[in-house]
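Structures incoming, each one as structure tokens.
Heads up, the next two complexes both have chain A, just with different partners, chain B and then chain C.
Up next is the complex of A and B:
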């Protein structure tokens, strides 16, 4: 092995260690005893206390909160893919008046921070009576400027002939989009799925404001039961953090190739 | 019968085609031939309904196709780059047109298997279409077009992305398939060789206009103008700009007088400036030393015959002779003779052929 290769590997190992350290610390902490956690500052465990996980799972209404996170996360994610593909297709392939302005507006939404919209959104949802409901959590999130942009870029690169061939074969524009054009943008769909789902799964702010009952809260808010005014139950909190991180971790393991493909392909052509 | 009436189409300020008028008999193999940018593909796209004509229309069995959408026209088109669906297997590609027409699953399966065995791609059915070689993709594209038995079969330069040998092979296959299925076929190409071998009739196009429609023989032996004469045939036809002398009924070619008509024959409109055109195979080696003499510059031996490129006093002459001409390949100089009855005369100004029943050749 060449010296430069060894150096590169060492550097990568060092950076990886830096990134992995917090996760290792979380796992180690989650397996400690309640007194030990405050005393020990090493990675050595005297005993693996797996019972912490069972205790953490029972501490709050986690089953229900997992369900909430899943229902809202999956609905928002699939909904965004659907609306982004439709809008992206229109912006990539159809001619209509004001197309440029629409596209610019879509891009402009990317620079508006979500927090700015919270107050007007809360007022609207309150008037609809949608506070503390799935509807209120899902419907306002169903359009995503980034997703529209991503699909537009992908669709622009799909050869016209494919669509023409499909039309000649008897396919309507709708079936051409879903059967021929959309499959060419699967990396985009994969990227959007991972980005949106992870963002939704980790979201705390929106749930904090738009829900108020324990039954309607998500996993991230569920973690707060371990934090009290004067004490934090670190052991069970870390155990719960591990449990809550598992779904996104699995998603990354399955989808990281598509994710990289989606990001790199999407960036090539303007 | 497919009738194209007075078709015109322009894109912004460029006219892609105009005054396009022709009809294709049912079951005929009709070729649109022309250099790139002559509008031949546009005509195909207008027939398929992928473009809307500015003027004129397309009629099939006296029905105007103008109001019928692309999806509902029973036309099939094979694209130059095949345009196979990359996400589908060969079977998926072949099934797609039937699925879109809501044909039952069992019938679809039978039809797909049948067309696949006809095109010899049955063993590829479960492979991804885009993973195949060019020739195989070509077959799949043809299969996808034919699987639903279209009334009009359109092909846009389907062989141009293949190598020469495969092209030759698939050309023969296309002729066989056409005979078997007997579908009205329109074939676009810039390759005159393809056009001549495939077409029942050929339309020669240039700059969006049809110059001539005829059988391959007609187009080869009596081109209507200089463009058609030059475009068809390899090596290119020999052209000699010259003057016609009515009192002798003759033209001067390469310094020799060549009598074409009876003495005293006037050309229509008393045309004087003419271009004489002679096919390379209508020039022969002569043993008479009085005949035109030229230096042989290049010899191309191509199987049964040899193409000679001569220089006659600075003027290039192309001729095709049988391979077995004695001692030909060693010669540096030769005498040549032109067959007068094979000479085509064009008006140098209008570039149109001079043809008049009153003119009798001798």
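Up next is the complex of A and C:
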């Protein structure tokens, strides 16, 4: 190995460690004893207390909360990829009046802080009778300016010749989009899938406002049982954080691997 | 290709419908609210004209929040993008060790800030935090990271960077994936070294992605709230109170929704103006 390669790996390993440190701390804390957690401020553990995980799992209704998070997360993610790809394609590849205004409006929807948007949104959803329902959690989130903008950027880089070739073969615009253009922007779709699902999975605020029954809690709200009004049960909270992070971790590892393999197999041609 | 004039609207409709109904409509409602006085506690609503706006501009808290926001954005956006791009370029490729690095750097995105914020509070802790513990070993005296008005904002910026670099890296990574390999091969035949490859192949071909990351990072930086809420609640001495945090306090601590809506409109105008100027300057390239 060349010296520069070794240096590169050393640097990357150092950066990775820095990024991983807080998470290592979460895991170490999750394995501590109740007294130890308050005194010990290094990464040294006297004993691995795996029983914390069993106790954390039992303390909250996690099976139901996982189900809620999954149903809403998957619906919102697939919905956003569909609506974003369509609108992103129109903005990247079609000419029409008012295109610039539509594009700027799409970006504008990203700017408003969500906790302000929630005030009028709550009034609307209450009118529809959608509070504390899957509908109320899913339908308002089915489009997102982030996804539309992302697809627009990636579709713009797809060579025109591919589309023209498909048109000569008699393919409709619709099938050209899904069979020719979309596969070329697969890294964008994969990125959007990971980001949207992770954001949905980690969302606390929306569920806090739009649900009220314990059956309609998501995994993040489920963590609140460890944060009592006057004291936080850090050990079990961190054990629960690890449990709750497993699905998104797996999604990233598998999704990212697939993404890289899929692209190198399919081959992007310029 | 035969083009139908209504075709673009068919493609736009699903996305635009949901955005219009669940974001644009509520925003218009907020705009109307900004002309009203609405006390959430008593429920009394009365028309206020431009009073919220004139009062807002007289309030020194607004200018403090503006100043903090500018510092925060300047601290988060350029560094967050440059480091992410550097790492993404280094990690291009299929090496197995690379995927370990990528996953590590993406971990902060996966763990919610509500959870990792607790850990950062411990890291920064004045008496028993690991950061001060490590610094004392090399002879630097303890610093009250989150409690000192001079270090609080930079401490929050570091947490944001820690989270956003992985986020940006994944987008850059996707952008790098779609650059045709032949371009690199051609550059290598022409004798381009790593720096030349970056300058003549990566940078120009990555431009739509870079431009996307810049706009998204600007918008995110103006909107960031969770890290401030978890770590400092806007303090000490309001030195980490950004515009968004100021809006939050006005709405949910002072229960002055009309005023909070007015500040929201100002935030909106600032971000929109910056975004528009940038995209206009870039033209079709971006």
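Following the convention adopted for this analysis, the second predicted complex is superposed on the first by the 234 of 270 C-alpha atoms of A that agree within 3 Å, B and C clash if a C-alpha of one lies under 4 Å from a C-alpha of the other, contacts with A are read in each partner's own complex, and residues count from 1 in each chain.
FYI, contacts are C-beta pairs under 8 Å (C-beta built on N, C-alpha and C of every residue); 3 or more make two chains touch, one makes a residue touch a chain.
What you see is a predicted model; the values in this text were computed from it and never measured.
**Student:** For A:235, select first, second, both or neither according to whether it touches chain B, chain C, the two together, or no partner.
**Tutor:** After superposing on A, A:235 lies clear of both chain B and chain C.
**Student:** More residues of chain A in touch with chain C or with chain B?
**Tutor:** For chain A, the partner with the higher number of touched residues is C.
**Student:** Could you say whether A:9 touches chain B, chain C, both of them, or neither, answering first, second, both or neither?
**Tutor:** Only chain C is touched by A:9; chain B is not.
**Student:** Scan A:190 for contacts with chain B and chain C and give back first, second, both or neither.
**Tutor:** The answer is second: A:190 touches chain C but not chain B.
**Student:** In the superposed arrangement, does A:243 touch chain B (first), chain C (second), both or neither?
**Tutor:** Neither chain B nor chain C is touched by A:243.
**Student:** After lining up the shared chain so the two structures overlap, which partner does A:56 touch, if you call chain B first and chain C second: first, second, both or neither?
**Tutor:** neither
**Student:** Which partner does A:169 reach: the first (chain B), the second (chain C), both, or neither?
**Tutor:** After superposition on chain A, A:169 lies in contact with chain B alone.
**Student:** For A:142 in the superposed arrangement: first (chain B), second (chain C), both or neither?
**Tutor:** second
**Student:** A:76 contacts which: chain B (first), chain C (second), both, neither?
**Tutor:** neither
**Student:** Considering each complex separately, which residues of chain A are in contact with chain B in the first and with chain C in the second?
**Tutor:** In chain A, positions 164, 167, 184 sit in both the chain B and chain C interfaces.
**Student:** Which part of chain A faces chain C closely enough to touch in the complex?
**Tutor:** Checking each residue of chain A against chain C gives 8-9, 12-13, 15-20, 22-23, 25-26, 29, 41-42, 82-84, 86-87, 89-91, 94-96, 99, 102, 104-113, 115-117, 119-121, 123-124, 139-146, 148-150, 153-154, 156-157, 163-164, 167, 173, 184-185, 187-188, 190-191, 194-195, 198, 202, 204, 220, 223, 232, 234, 237-238, 241, 245, 248-249, 252-253, 256-257, 259-260, 263-264, 268-270.
**Student:** Considering only the defined contacts, which chain A positions touch chain B in the complex?
**Tutor:** Going by the criterion above, the answer is residues 159, 161-162, 164-172, 175, 179-180, 183-184, 186.
**Student:** In the complex of these two chains, what residues of chain C are touching chain A?
**Tutor:** 1, 3, 5, 7-9, 11-12, 14-19, 21-27, 29-30, 33, 87, 90-91, 94, 97, 99-116, 118-120, 122-123, 125, 128-130, 133, 162, 165-167, 170-171, 173-175, 177-178, 180-183, 205, 208-209, 211-212, 215-216, 219, 222-223, 225, 244, 247-248, 251-252, 257, 260-261, 264, 267-268, 271-272, 275-276, 279
**Student:** Can you check the complex and tell me which residues of chain B touch chain A?
**Tutor:** 48, 50, 70-72, 75-77, 79, 81, 83-87, 96-97, 100-101, 144, 148
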